[in-house]
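Per-chain numbering from 1; labels A, B and C assigned in written order.
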Amino acid sequence: MSFWAQAMEIARIDLRVERRLGDVMRIVLPFAVVALLVFPLSLSAELATISRIGPAVFWALGILFGMQVALRQAANDRPERRDLYALLGVDPSARFVGRSISGSVLMLGFFLALLLAMIVLYTPNLPEGWPAPVSAALLLTGVGLTELGTLAGEITAGLRNRTSLASLIVAPLALPLVIGGSQTLESLARGAGILPWLLLLVATDLGLAVAGVALARPLEEASR
Amino acid sequence: MMRVRMLLGTAAVAVAFGMWLAFTSPTDDLQGEFSRILHIHAPVMWVAFLAFGVTALASIMWLVRKTARWDRLGEASAESGVLFTAIGLFTGMVWGQAVWGRAWDWGDARLASTAVMFFVYVGYLALRRATPDPEMKARRSAILGVVAVVQVPLVYFSVYLFRTLHQTPSIRPDGAAMPQEMLVALLVNFAAITYLFVALLVTRLQVAKAEADATTDSRLAGDAVKPPRLSEVKDV
Amino acid sequence: MRLHPVGEAILLDDTGVSLGGQAILRGMGLEVSAGEVVGIAGPNGSGKTTLLRLLATLVSPDEGTGHVLGAALGSPEVFRVRPRIGLISHTPAVIGELTLRENVLHATRLAGHDPNRVDKAMRVVGLDEAAARRADAGSFGMLRRTEIARLLITEPSLLLLDEAFSGLDGDAQELIDALIARTLQREGAAVLVSHDTEHLGLRAGRVLALRSGSLVALA
């Protein structure tokens, strides 16, 4: 099977498993929406303040809960499955790409649903023409977060406290994604250019993709 | 099957009649046409509370009796409760947008507590889905079903406990704060939507029983494993 | 450097493996030729699983040299031969959320084999009627049969079995015997690891004992 065929097969199976488990849309997403609810309740702030902080809260919670989406594969990855893939001749880079594809699809769905919830709950003053650039920013952020999560999962493979350690690794490294995503909307609201922020996201995603593909095999061998 | 069709059919008729009354009854002087939302919002929220109460009772009965039908009742009722709560939240937000000028107001304790209740039962359904073993699923759900029902009185009494935008009940022991025709329409809708809940519950229980019968093979699980065909190994 | 003759599936020369700073295998010497079945016996904790993972090229040697199917262990050559190695380890390698059939199909597709062989393989191992069952709802025996179905399709040249017979009924054990026979017919080799020397004696041409991290002939 070719590199891309392996990647698509892995992505396909990963999405099928998620459809059966329902981790992201039935557990992580509702959890994130509850967090959206809890935030203003604990602030007891005026409506204007809540509207103002809505987008920022969305990005913060989106990244934090998005990490759970990005790391769920790592949590489900068993040593036997890794060995099986190795012996089936699966290219570790193809596995990285496949997981990034499936994770990005789930991440986009997660972000869009969370965004909708934030708009309903916080009634933010969104600038005109926001859907297209914000959707682009969400897609790019989702791709980057997935790549980061997949990489962190490989780095921590085989370790007992893998999930919490991987979260610790991902959180600070996700900073460019948080900045790129949140500043896209902020710049749009100010009437400033959004291109630099989108380029930051693209560059981050590309960098992570190159790192993931290049390091996949050494990381897999190092995890044994 | 016939019984289910009749139940659903008559429930649809009852709800349609209730909606007709809702749209032909007088409106509130201040809220205008938007006051008609009350005829949906209040009954569905009442049914949501009822549904979660049924889930709690079914959970207790399962813990005592350990029979599958109580577990199925708990699940079916929770599903209906989540559905009706979602409708209640949606209609509440539509009404809020029209009357308060905003769909969601953080000053409304009932709105926030209802949303929290919604997610508690979303968690209940997620727990059920995540547990493959039927016995373990029933046990865990039953325990959560009993604990979670504490949300219901919290939501109901939130309008009294907290200073909030949400209006207090329109129907009180000392009388109703609305014209007679409006009250009749409201009561008919309470009855119709409660009947709809019962019809949905019965339907869902039938489906759940059929699903359980289908997955519970009359054969032994081990009968599905056949002796290997060793002579055919070379043909693979 | 010692040359390895053509036809040798495995050649270990004074090989040692350490894991977590602890020496597990030391001074290991082993030659397995095509068409051979070698049994390796040893008590729990003697390093049998580590040895098997070394032979599967999943672990690299820290001392000495080793070649499996012509590829030097610890070198990039192993990626070329891995698809020709079949491993049955302690824990069945299945994805729980997929059905038994989906597991075999997924592996078949990844390995680049014909997906049309899957249903036949499931029939041969006796799982055709249970094929739609989810793996996490399957018994240990069913999962082992699923792995056997997969190996019938991928047709490895080197079969490595780690306590593969334990916990299996007579039918499933016969299936593994058939898998070994098929591998040998195609000029492959098999290494069986177990703590049960009697079991090994019935199936292996020779049985070695794993003692103090090395292999010795069983008296």
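Quick notes on this structure:
Just so it is clear, contacts are C-beta pairs under 8 Å (C-beta built on N, C-alpha and C of every residue); 3 or more make two chains touch, one makes a residue touch a chain.
Predicted model, so just to flag it, every value in this text is computed and none were measured.
Chain centres were defined as the mean of their Cα atoms; on that basis the chain farthest from chain A turns out to be C.
Interface comparison, A-B versus B-C: the pair with the greater number of contacting C-beta pairs is B-C.
Centroids built from CA atoms put chain C at 37 Å from chain A. Averaged Cα coordinates give chain A a centre that lies 33 Å from the centre of chain B. Centre-to-centre spacing of chain B and chain C amounts to 53 Å, using the average Cα coordinate of each chain. Across the assembly, chain A contributes 21 as residues in contact with two or more other chains.
Residues of chain B touching chain A in their complex: 93, 102-107, 112, 115-116, 119, 122-123, 125-126, 129-130.
Within the complex, the chain C residues that touch chain A are 53, 56, 58-60, 79, 82-83, 85-87, 89, 91-95, 97-98, 102, 106-107, 109-112, 154.
Across the complex, chain B is touched by residues 117, 120-121, 123-130, 133-134, 136-137, 139, 141-142, 145, 152-153, 171-172, 174-175, 178-179, 182 of chain C.
By the touch criterion stated above, chain A contacts chain C in their complex at residues 1, 6, 9-10, 13, 16-17, 20-21, 78, 80-81, 83-90, 221, 224. By the touch criterion given at the top, residues 21-22, 26-27, 30, 33-34, 37, 40-41, 44-45, 47, 50, 120-123 of chain A touch chain B in their complex.
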